[in-house]
C-alpha cells in the first residue's frame, strides 16, 4: 500500500508523564521527517509546543498518532471530523485492546507508516440519536441508564418499528463488533468475530435475567425510555448526554463512518487472548 | 406471642393512588381500634390527615404499617429511630420480596397483629461507615461506585486489616442475607439462606472476571477507593452519599440493629420462588 | 401461499398419554381429509395403527405434524430425509420454543395448512463432521464434551484454518440462530435475532472465564480435541457419537439444509418472551 | 509446633515424568532422614520401589507428601483412612489451588515439616450419602447429574426436611469452602471465605436462571432426583457412583472429618489471586 502521508495529528493521555515524554520525542521525530503536525491543544500545552496546537474538531491530517490506551483513541474518535484519518495507536503501559504498538517501537512504526508498510483495520461504528438528534458515533458502545447509579431503568425495545421486548435494568449497552471486547464483555456480552455484521445489546444488572441479544447491523434498534424522566446516554465512556424528557426514544443503527487502524501484526484473536488473560485498564 | 400494640406508624408509597386509598381506609380502621396513629407527613398530606402527621425520624410506635413495596419498607427503615418497631408490610400490586400481605387481607392482618397472632422475622442489617462516619444501616445492600455511571472504580479490599484483593469494576455491592435476593442477585450474587451468618460482596461489571465473595458477618470488610476521587455510596437504593476525598475507606460490618417483620405464613423459599419466577419492581 | 398437501407424516411424543390421544384423533381427522398418512412406527404401535407405520428415515410427505415439544421436533429433524418437509408443530402442555399451536387448535391448524393459509419460517441448520464424516445437521446445537460428566475438555479452536484460541471447559456448544434460545442460553450464550447470519460458540463451565463468541455463518469453525481421547458429540440432544481417537477434529459450518415451520401468528420475540418468563421443559 | 513425624506416605501424579522423578528423589531423601515410608503402589512401580508399596486404603502415616496438583490431593483424600494425616503438597508445574510448595523447595519443606516449622490449614469436608449409604467425603465438591452429558436433571431440593425448591439443570454442584474456588467457580458459584461456616449449591446450565444458594454447614440438604432414573454422583472429580433407582435421595451435610495441609506461607487470598489470574489445570 502506498500512501503519501504528509501531515499528522498527535495526541496523548495527559495523566501520564511517560506518555507526554514519548509524545514530545515523537514530535521531534515527526519534524525531522518534515511532516505537518497538528497537536492536541492539551498535549501541546504540556509539552511546551503551543505553536503547533490545533483543536481536534478541526483536524484533517493524513493520519493520527495516539499515545495512550483505548481511552485516548475513543476520545479522539469522538472529536475529529469525519471521515476519520487512520490511527497509529501507541500503547502506553496499561495495554488496551485497540492500541497495538509498544512504546519502544513507536519510531519504527512511524517509519513503516510513512513507507506504507501496514494494513488498515476498518472498524464499524454505531450511530445513536435521541429524538432525531444525532450523537457522536460510538466505536465501542452506547450506554443508556438512569441519571444516577442504582436507579432502575424501565425501557421498551423496538426493532425496525416492532416492539419486541421490555427491559428493567440498571442500564442497556449496545456494543459494536469492536466494542464487544470492551465494556460489553464485563456486562456478560459475547465477543463478536470481526467478520460478523452484527451488534449486541446487553443489559447491566437486569431485574429479571435477560440474555444479551445479537442483532443484524442492518436493524434499527430503538430504546424507548419509560422511566425515569431523566436519563443518561454515554458514548464510548466519554461523551455524556443527559436527556430530560418524557419517554425519549434513542435510535441505534450502523454508522456510515468507520475508524481505521494502522496495523503491523497482531490479529484480533491474538489481542483477544491478551485481553482475556492479562486485562489492563478499560479507560485511560 | 402477646404484644399490646397501642400505637402504630403508617406510611405508603405516594406514587400510587390505590396505595394511598388503602392507607386512608386503614387509617379509619386503626382509629376504630383506638390506636395512636403516626402518619408519614407526605402520606398525611395526600390523604388529608395532616393532623396525624409525624416525621419518620421521630417515630416510636409499637409497630409500623407500610403500604407499598420493598422500596417503601427500605425507605422507612432508613429513617425511623433504632431499635426499629416491627413492620407489617402490605404488598401493593408489584409484589416485592419483603412485603407479604395482599391488600385485600390488610384489615385481617391488622386484627391478627393486634391479637399477637404472628411470628417475627428478624433480618440482620449491614453497617457502613465512611472514614469513621456512620451511614444509615442497610437492610438490603451498600453500593459503592464512581460518582456517575460508566466510570471505572479502582478499589482495594481489606478484610480485618489484611489487604486481600484489588477490584476494578463499575461498582461493588455488599448485601446482607435479606438483600441477597434483591439488587445483588441482578449483579450475579448468590442467594444466602436465612440461617447463614454471612454477607456477600459482588462486583458490578468487573473489568476482569471477579466472583462474588461470601464473608462471615463477624468480618470487617474495608473498601479503599483508589480512584476516582469522587465516589458514591448508596444504602438500600435510597440514601446517597457523595464522598469527595483522596482514597476514602468504607468500612462494612454487621449492624447491631435488626429489622423485624410481622409474618403470618409464607416462608423464605416460598417468597424466593415468587421472586425468581414472577419478579416485580425492584424499587417502588 | 397455495400448496397442495396430499400426504402427511405424523409423529408424537410417546411418553405422554394425551399426546398419543391427540395423535390418534388427528389420524382420524387426516383420514377424513383423504390424506396419505405416514406414522412414526413407535407412535403407530401405541395408537394401534401399525398399518400406517413408516420409518422416519423413509418419509417423503408434503408436510409433517409433530405432537409434542421441542424434543419431538428435534428428533424428527434428525431422522427424516433432506430436504425436510415443512413441520406443523402442535405444542403439548410443557410448551416448547419451537412448537406453536395449542392442542385445542390442532384441527383448525390442519385445515389452515391444507388451505395454504400460513407462512413458512425457515430455520438455518448447523452442519458438523468428525474427521470428515458428516453427522446429522443440528437445528439447535452441536455439543462437544469429554465422554462423561465432570471431565475437563482441552480443545483448540480454529477458524478458517487459523488457530485462534484454546479452551478448557466441561463442554463446548455451537448453537444456530434457532438454537440460541435453547440449551445455549442456559450456558450463558446470547440470543441471536432471526435476521442475523451467525452462530455462537459457548463454553460450559470453562476453567477460566471465556465469553461466548459469535461467528459469521460463512466461517468454518474447527474444534481440535486435545484431551481426553474419548470424546462425545451430541446433536440436538438426541444424536450421540462417541469419538475415540487421538486429537480428532470436529468441523462446523452452515448446513445447506433448513428446517421449515408452518406458522400462523406468533413471532420470534413473542415466543422469546414466553421462553424467558414461563420456561418449560427443554427436552421432551 | 512440635510433631515427631516418624512415618510418611508418598504419592505422585503418574502421568508426568518429572513428578515421578521428584518422588524418587524425595524417596531417597526421606530414607536418609530414617522415616518409615509408604509408597502409593502405582508410584512405587514406576520408580522401581515396589518394596515400599502400600495401598492408600491402609495408610496410617504421620503425614503425607503429594507430588502433583489438586487432582493428586483429591484422589489421595478419597482413599486414605480417616482421620487423614496432614498433607505436604508439592505443586508440579500446572500449579493447583491446594498445592503450595514449588518443586525446588520440596526438600526444604520436608525439613521444615520434620522440625514442626509450619502451620496446619484445616479444611472442612462435605459428606454425601445416597439412600443412606455413605460416599467418600468431598474436599471440594459433590456433583449430581444425569448419567450422560446433555441430559436434563429434574430434582427437588429439601433443606432439613422442608421441600424448598425444584431445579431443572444439567447438574447440581455442592461445594465446600475449599471447593468454592474449584469447579464451583466455573459454574458461576461464589468464593467462600475461609472463616465462613457454609457450603454452596450451584446449578450447571439451569433451564431457568437459578442463582447459587449458600447454606449453613449445619443444614442437611437433600437432593431428590425426579428424573432420569439413572443418575451420576461424582465426588471431587474422582469417585463416580451410578445410581439406578426411582427418585433416589442424596443427603448432604458437613463431614466430621477434615483435611489438613502443612502450610508455610501463602494465605487463602494470595492463592485466590493466583487462581483467578493465572489459572492452571483443574484436574491433574
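Letters A, B, C and D name the chains as they come in the text, with residue numbers starting at 1 for each one.
Throughout what follows, a residue touches a chain if its C-beta (ideal position, glycine included) is under 8 Å from a C-beta of that chain, and two chains touch if they have at least 3 such contacts.
All values reported here derive from a predicted model rather than from experimental measurement.
*Asks:* So which chain is the furthest away from chain C, centre to centre on CA atoms?
*Replies:* If we average the C-alpha coordinates per chain, B ends up farthest from chain C.
*Asks:* Tally the contacting C-beta pairs at the B-D interface and at the C-D interface, and name the larger one.
*Replies:* The greater number of contacts lies at B-D.
*Asks:* Quick check: how many Å separate the C-alpha centres of chain A and chain D?
*Replies:* Computed value for the inter-centroid distance: 46 Å.
*Asks:* Cα centroid separation between chain C and chain D, in whole Å?
*Replies:* Here the centre of chain D sits 39 Å away from the centre of chain C.
*Asks:* Enumerate the residues of chain A that touch no fewer than two other chains.
*Replies:* Where chain A meets two or more other chains at a single residue, that happens at 208-209.
*Asks:* Quick one: in the complex, what on chain D touches chain C?
*Replies:* Going through chain D, the ones touching chain C are 143, 145-146, 148-152, 168-171, 183, 186-187, 204-208, 232, 234, 237, 240, 279, 281-283.
*Asks:* Using the touch rule from the top, collect the residues of chain D that touch chain B in their complex.
*Replies:* 159, 162, 164-165, 180, 185, 188-193, 195-198, 200, 202, 208-216, 218-219, 267, 269, 272-273, 276-277
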